[in-house]
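Reading through the structure tokens given below for one structure.
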Amino acid sequence: MEKRFIYADNAATTAVSEEVLAAMLPHFREAYGNASSIYKLGRDAQKAVETAREKVAKALGAEPREIYFTSCGSEADNWAIKGTAELMAKKGKKHIITSVFEHHAVLHTTEYLEKHGFEVTYIPVSDKGLIDPEDIRKAIREDTALVTIMYANNEIGTIQPIEEIAAICHEKGVLFHTDAVQAVGHVEIDVHKQGIDMLSLSGHKIHAQKGIGALYIRKGLVLPNLIHGGGQERGKRAGTENVPAIVGLGVAIEAATRNIAEKAAVITPRRNRLIDGILKLPYTRLNGDRDKRLPGNLNISIEGIEGESLLLMLDMNGICASSGSACTSGSLDPSHVLLSLGLKHAVAHGSMRLSIEEDVTDEDVDYILEVVPKIVERLRSMSPVWERMMKGEDYE
Amino acid sequence: MEKRFIYADNAATTAVSEEVLAAMLPHFREAYGNASSIYKLGRDAQKAVETAREKVAKALGAEPREIYFTSCGSEADNWAIKGTAELMAKKGKKHIITSVFEHHAVLHTTEYLEKHGFEVTYIPVSDKGLIDPEDIRKAIREDTALVTIMYANNEIGTIQPIEEIAAICHEKGVLFHTDAVQAVGHVEIDVHKQGIDMLSLSGHKIHAQKGIGALYIRKGLVLPNLIHGGGQERGKRAGTENVPAIVGLGVAIEAATRNIAEKAAVITPRRNRLIDGILKLPYTRLNGDRDKRLPGNLNISIEGIEGESLLLMLDMNGICASSGSACTSGSLDPSHVLLSLGLKHAVAHGSMRLSIEEDVTDEDVDYILEVVPKIVERLRSMSPVWERMMKGEDYE
Amino acid sequence: MLYSEKVLDHFSNPRNVGEIEDADGVGEIGNAKCGDIMKMYLKIDDNTITDVKFKTFGCGAAVATSSMATELIKGKSIDDALKLTNQAVVEALDGLPAVKIHCSVLAEQAVRAALSDYYTKQGIDPVPIVGEIKVPEEE
Amino acid sequence: MLYSEKVLDHFSNPRNVGEIEDADGVGEIGNAKCGDIMKMYLKIDDNTITDVKFKTFGCGAAVATSSMATELIKGKSIDDALKLTNQAVVEALDGLPAVKIHCSVLAEQAVRAALSDYYTKQGIDPVPIVGEIKVPEEE
């Protein structure tokens, strides 16, 4: 078995595509003007930014003036949630609804707001990682300012019933935000048709640069700023525009949303082969609904082993994978997402996420299916937890 | 006279240097890992980020753990000011001191805080654009949470007595932040020696990418987050690290701070020749102290003409310049900085900023000194304001 | 904020710049504080604008709208000149950035102010014909 | 969070993995909930640790510190083994990321737990010799 290099962690980040980099390059050393400057070098920069804004808008079914560039998905989430909170607090609405398994960019923001006088309801998810829209309906109160539910989960890839949730929010007159960082480019999105008031996205998940994102804000909705200062982004987000990254995001989102169905048709069968292959190992389980999930995502718990060790072994075999969200891999706690499905801590610790794209070939799939069982066997053979499991003892 | 291209607006933004771009490039498509990922691709990204952090720290006389990367200078300003406000409000300190001629990233942030229960004292500046540290001493109260004074002004380039101000703040037990976006790379900074508690900087003013900045926070000072989420930047600033831009910032700040005196020795005489040459035109004045200013900056008011027209004409002659801050060139109001010096509105409208670096040659200086008088003459000849001035009439 | 090619052309090569010594009507609008002053000079013969000149202190759009307004009324009847709207000036320039629309209003009003002066000089109350001269509000 | 080459080496080629069927002392520390369990097996002859094996469920650092700890006590006297500090394990591994320091404490405590078991089996109260076994707090 020859060693391969397989990048199977596209949910953590993606490489900048050739096409995106080519579009960005002129803006570093040639067309480097400040987009606010009056001279041609500046006007050209501004044109490039506005062209990118049109592309982002088009990809989401929005209007260009509804798109605001931010420095990342996290900033977009923070802005949408804190901005809405500040806006609605003036009307006495200080209740926010979200789910237990949002990304930390949402959860740590709502926790921050809880310390500042807001009340937050955390909707549970089913053992398949799905939210029941009726739970949201029940949670909405007179003083609910915002419902924020992620479009697709970053760890288990489950796709939420966004349109139903949006409909309930509108029926009740509540604003609806969705963190679509993991969804953009993988599922069809039309913010107007779907009734989404705010949507966060991040460039580096779709082959644009890290450090660029966008927030869609439905026209008519005027959020207070998160970052005050110069008049950029029509006065709503200060800071000299990151022209190369913005241009790259425009190209990236156009490419990512061009052929969603075709990509899924290629990726899904490979992903399914991975799922079925790994699930052949005893004491494993697929986390998240099998069908209502992103085409490239699989998340499997492998009992008796610990995730980080698994990842390091995979890395030594040329496979880049993840265990829970990349952002939290420095932390000791198991993923809050996996715990929200009802997994025991020890099981949650031993989980692996693969997020593949078309570049992961059928041969790569074969390779992964050869490598993973060997690693699992090795780690289990040195695991006191596995030892006890085999003896039928409890281990938590 | 042959047409030249002269970029004389480095205070607005700079081109990414060859050296910086070369350092960034591998991080787009090869070393593209998420710095939080456990596998080698991720660990390499993290190493690159930490190397850049060391470079930034070294350039400022700080420790690496005192440096936090942000998405721009504006974010750094917002974080420092709002973070300190939130922190100190808990101790009942809700008074902030700043100056009337700060960048909007500071002023619009303090104005925001004024709407949220904070009191702000705006220290005036002298007609030379300098702050008297004694004014700050007088303004400090029992409940003062923060003094924030810019290191060098972005429009008129005047350098403030930062060390004296910091000393007064420490004597009084008040935190001190400085917006050093325009100063870094042009004056010697040593945050520890100078007693600076927080310092904001921005990459694109020193030949790094737009959309990257940093906030120095003295160790021991724990600011609440501005952007909540993942554990990046030791949990203090969420968002997947913008590895290429961070790497570029490290290289850029190292280069920019390497030979500050040598650069000044080249630039200052050229800048002075520009000042003297343009001041030969009647009804002109230099804005800001002639000596206590950034080596490359000149800001001159030219009565009887309006700034935007002047800039467009300069642009047609290949010269990139600015009138007031680039960020506000879409606005109709004359620069608040120039008004703060006591200039009349009409005079403030007719001002021009040039900010040059070593690449602007002596021949370029000759060219500018040939072009500017012609443009001024042309605009004055079609100006009803100039007509009245010549008749000795009042025009405001 | 982006200027069209037309705006840049009229800015860099403004038509009808200057003064008319013995103008039949002169109008000035705006103030230097706000950053825009337009002054229009008209020569009128037999209800026809036979010559027009302007001087402008202001931004690129102020110069371009002045220039375009003079082009649009030159050789026209007073009646036609009175029908000149700021919208017509904007359209003739292939549009203006939103923050610069007020310049086109200034240009329209400068023409009206000059016509107003013309009627006043003729001993005719201009208000019923020209209307009130309004300076656009800064937004 | 960066692992040294030494850590990665001890993780990928852990020394002394396994069990000792007739161990003289066995100690286990940690719990699966926190993500780390270490189990140490000692063979002791004449106050000397003649053999040592471990099994670990945990992260890379947990495996590497277990491996290094076994190396550091193998062939040593009980007295020397009792002097093993987590700091010594960290140093031998060329450092550990701050968030992983607790793993080295686990390794130190696992050795003590096994020695404690050894004394208990000998009918000797281990506490005066080995001290209390402490599981490090998660931060």
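All chains are identified by letter, namely A, B, C and D, in their written order; residue positions are counted from 1 within each chain.
The rule we apply is simple: a residue touches a chain if its C-beta (ideal position, glycine included) is under 8 Å from a C-beta of that chain, and two chains touch if they have at least 3 such contacts.
These are the chains along with the protein names UniProt gives them: A, B = Cysteine desulfurase IscS; C, D = Nitrogen fixation protein NifU.
As the structure is a computational prediction, the values presented were derived from the model and not from experiment.
Trainee: Decide which interface, B-C or A-C, involves more C-beta pairs in contact, and give its chain pair.
Mentor: By number of C-beta pairs in contact, B-C is the larger.
Trainee: Among the chains, which is located farthest from chain A (Cysteine desulfurase IscS) on the basis of C-alpha centroids?
Mentor: C
Trainee: Would you kindly tell me how far, in whole Å, the mean C-alpha position of chain C lies from that of chain A (Cysteine desulfurase IscS)?
Mentor: 55
Trainee: Would you kindly tell me how far, in whole Å, the mean C-alpha position of chain D lies from that of chain C?
Mentor: 89
Trainee: Distance between chain A (Cysteine desulfurase IscS) and chain D based on Cα centroids, please, to the nearest Å.
Mentor: For chain A (Cysteine desulfurase IscS) versus chain D, the centre distance works out to 39 Å.
Trainee: Quick one: which residues in chain D touch 2 or more of the other chains?
Mentor: 1, 60
Trainee: Out of chain B (Cysteine desulfurase IscS), which residues touch more than one other chain, so two or more?
Mentor: Within chain B (Cysteine desulfurase IscS), the residues that touch at least two other chains are 38, 308, 312, 329-331.
Trainee: Which chain B (Cysteine desulfurase IscS) residues qualify as touching chain C in the complex?
Mentor: Going by the criterion above, the answer is residues 304-309, 312-313, 316, 329-334, 344-346, 349, 381-387, 395-396.
Trainee: Flag every residue of chain A (Cysteine desulfurase IscS) that touches chain B (Cysteine desulfurase IscS) in the complex, lowest number first.
Mentor: Of all residues in chain A (Cysteine desulfurase IscS), those touching chain B (Cysteine desulfurase IscS) are 7, 9, 12-18, 21, 28-30, 32-34, 36-42, 70-75, 77-78, 103-106, 108-109, 111-112, 202, 204, 209-212, 224-232, 238-245, 308, 311-312, 314-315, 320-323, 325-331.
Trainee: Going by the contact rule at the top, pick out the chain C residues touching chain A (Cysteine desulfurase IscS) in the complex.
Mentor: Against chain A (Cysteine desulfurase IscS), chain C makes touches at 1-3, 60.
Trainee: Under the definition above, what is the set of chain A (Cysteine desulfurase IscS) residues touching chain C in their complex?
Mentor: 38, 43, 46-47, 50
Trainee: Mind listing the chain D positions that touch chain A (Cysteine desulfurase IscS) in their complex?
Mentor: On the chain D side, the touching residues are 1, 8, 11-12, 14, 17-18, 28, 31-39, 54-60, 62-63, 97, 99, 102, 138-139.
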